[in-house]
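After this come two complexes, each holding subunit A, first together with subunit B and then together with subunit C.
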Partner chain A sequence: MTFWDQAIEISRVDLRVERRMGDVLRIILPFAVIALLVFPLALGVDLSAITELGPAVFWAIGVLFGMQVALRQAADDRPERRDLYALLGVDPAARFVGRTMSGSVLTVGFMIALLVATFVLYSPRLPSGWPGPVILAVLLTAVGLTELGTLAGEVTAGLRSRTLLASLIVAPLAIPLVIGGSQTLESLTRDTSILPWLLLLVATDLALAVAGVALARPLEEASR
Partner chain B sequence: MKRVRILMAIAAAAMVAGLYLTLTSPTDRLQGEFTRIVNIHAPSMWVAFLAFGVTALASILWLVRKTDRWDRIAEASVETGVLFTATGLFTGMVWGQAVWGRAWDWADPRMASTAVMFFVYIGYLALRRATPDPVMRARRSAILGAIAVVQVPLVYFSVNLFRSLHQTQSIRPDGATMPDEMVIALLVNFLAFTLLYVALTAGRVEVAKAEESRSGETVPAGDAVATPLLSEVEDV
Partner chain C sequence: MGTHVELEDAGVSLGGQTILRDLTLSVGAAEVLGIAGPNGSGKTTLLRLLATLTAPAEGTGRVLGAALGTSEVYGIRREIGLVGHIPTVVGELTLRENLDHATRLFGADTARIERALQVVGLAEAADRKVEQSSYGMLRRIEAARLLITRPRLLLLDEAFSGLDVDAQQLIDALISRTTESGGAVVMVSHDAAHLADRAGRVMAIAAGRLELAA
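This part shows the complex of A and B:
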């Protein structure tokens, strides 16, 4: 099997496990929608403020819960499965890439569902021509978040406080993604160039991809 | 330990010299006495950047050579770096309250990015605490230490990249933006804080060695007391 065959197969296995367990659809997405509901309730019935806050709340909740998609239970390999991959000679870098691919698919789906919920609950005023750039920003943010989540998940694999600890590691490192994503929309509203923010997202994604592939072997050793 | 004591003594002498120059250098016409805070704030942040850079280097060297020494240096350097980041943040907030009228200003991306960097390394220390096995702990924290350093250039260049209230670099290749006496006081403090970093890190490395020699005598929190199983409880 080539590197990409391995990555695609791991990604398919991940998505199949997720279809059976439904962590994202049944737990993380409803929880994120509840969080969307909490903000206006805490703010009081101030429709103009709610409309104004909509995009910011979307990015904040999207990133905080998006990392939970990457750290979901189904993405935590048991030691037996890790041993099996090692015995089968699966390239650790292919594991990282495969896991990132499946996680990105789920995170993009999650963030698009959250975007729809934000529209329904917050009715944000968006500038014309927003769908293309915003969806591109969502896509790039999702990939970066998944890469970060995969790295943090591997670093904390098997620890008792894995989910909490990985969240603590991912949240501050995800700040460039939050800035890139939210400023893309802000720049569209102010009619300034969105290119620097999209470049920030691309640069973060690439840096994380390089780190993930370069550190794949030590990461595999660290998680077994 | 003798080496650490000598380093501490040299650092203490340099700190005294730095403090003297801080208290005797001229002040800014608008900021008054609060100008002097820069002699603690800027060197603290410099040492924090240095400490996290050393951590990244030691982490990479651990991944390559797998020797305990590099893990101890990485750990010691992060702890010192977190201490100096907290000092830098605190002194920045005191100065901000006095000069800007508020301790925390969102118009200053360097404050926000420094706080983010602080929490990244708090996460690093939490990861170390949560991993009981020493080899596993060294490996995991080396990976995180090598990745986390990306925050350092982001913090340093944030004042150039974003619109910011924070002033840009005062000492530049084309000259300084303040009088010579203030520059000398600042440079002496940079040296004193660097020596203090070296002394504290060397001391922490010694403590880590002592901790390792006692490893096995302690158990991770939560593992010290095990709840008895019902099947193991005899009737009383």
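This part shows the complex of A and C:
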């Protein structure tokens, strides 16, 4: 079985498990929408402020809860399953890629759903031609968050306070993704170039992908 | 053929604590070795060492020709079958899906799945979810996986505990099949009687050291 066959198989099973568990759809997404609702309540009846703040709140809530989506897989990655994969001859890098693929599908879906909720709740004023760049920025941010979450899950595998430690690793490293995502929209509004911010997102995603693939084997061995 | 497992003064430490020490051991082709010992004596750690999932902190060892603690082990892991005391399955999948997942990852022909399910007596119950399955059924699905992956080194950790006679016969058949094809089997248990019936040689482990059983 090739590297990509293994990655696709792991991704396929992860998505099937998520479809049955429904953690993202039934738990994380509703809580994120509730968090979106809380902000307008705090701002009172100042509709212009609500409209103005919409995109910033989207990125803040999106990244915060997107991290939970990204870290979700790490939480149920039991040592016995890791051992089984090793004895079936699964390449740890293929496991990283497979988990990143399935996680990215979930995180992208989550952020798109959150974007729709932001439109309904905040009615943000956006410049013409926004959908393409904003959806691209959401996609790149979601993939980066998932890579980061998967990598943090590998670094903390086997540790007792794994979930907390993984969050502490992800939060500061997600800053380039937050800046890239939010500034893409900001640049569109100011009519300046969005290219530097999209490049920042692409560079971050690529760096995390290279780190994840290169460190997969040593991290797996160190976790035992 | 030759020697499948060789340990020379090997020791294992976990979290700074020495769990196993001065292990010298050899297991040849078609041999069944039993290792008996009380809880906490290091049996499971020894099996993890032989499964290449733990590296020796001291001494040397080779498993299926690969030096333990080196990158050589990555190439032979596919030839090792480990049955731990907790069945390894994905809880949200059915028994058939678990077997299908392992078969695909291993790169074996998925057409063998139905035959393996029949052999282990799960053809009718294969679409049950793991949570709806008994411990014995989970053991059977592990046996089905080993029928497909056909390991050269079979490692059994308390594999007979909690199983009915039919399931025990299934494990016995796996042992026979492995040795008949030139493989080796190492089984550990706290129950020496289980081992004496099945192993050609039985050793005892106590406080992390191996000795020939009385």
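We adopt the following convention: the second predicted complex is superposed on the first by the 215 of 224 C-alpha atoms of A that agree within 3 Å, B and C clash if a C-alpha of one lies under 4 Å from a C-alpha of the other, contacts with A are read in each partner's own complex, and residues count from 1 in each chain.
What we mean here is this: a residue touches a chain if its C-beta (ideal position, glycine included) is under 8 Å from a C-beta of that chain, and two chains touch if they have at least 3 such contacts.
All values derive from a computational prediction rather than experimental measurement.
Of the two partner chains, subunit B is the only one touched by A:L219; subunit C is not. Contacts of A:T156 after superposition on the shared chain: subunit B is touched, whereas subunit C is not.
Of the two partner chains placed around the shared chain by superposition, subunit B is the only one that A:A211 touches, whereas subunit C remains out of contact.
Judged by the touch definition given at the top, the superposed model places A:G44 against neither subunit B nor subunit C.
Contacts of A:I169 after superposition on the shared chain: subunit B is touched, whereas subunit C is not. In the superposed pair of complexes, A:I10 makes contact with subunit C only, with no contact to subunit B. The contact surfaces that subunit B and subunit C form on subunit A in the two complexes overlap at residues 221. Remark: subunit A residues 151, 155-156, 159-161, 165, 168-169, 171-173, 175-176, 207, 211, 215, 218-219, 221-222 touch subunit B in the complex. Taken in their complex, subunit C has these residues touching subunit A: 48, 51, 53-55, 74, 77-78, 80-82, 84, 86, 88, 90, 92-93, 97, 101-102, 104-107, 149. Those residues of subunit B whose C-beta lies close enough to touch subunit A in the complex are 63, 113, 116-117, 119-120, 122-124, 126-127, 130-131, 136, 139-140, 142-144, 146-148, 150-151, 154, 222. Those residues of subunit A lying in contact with subunit C across their complex are 1, 5-6, 9-10, 13, 16-17, 20-21, 80-81, 83-90, 217, 221, 224.
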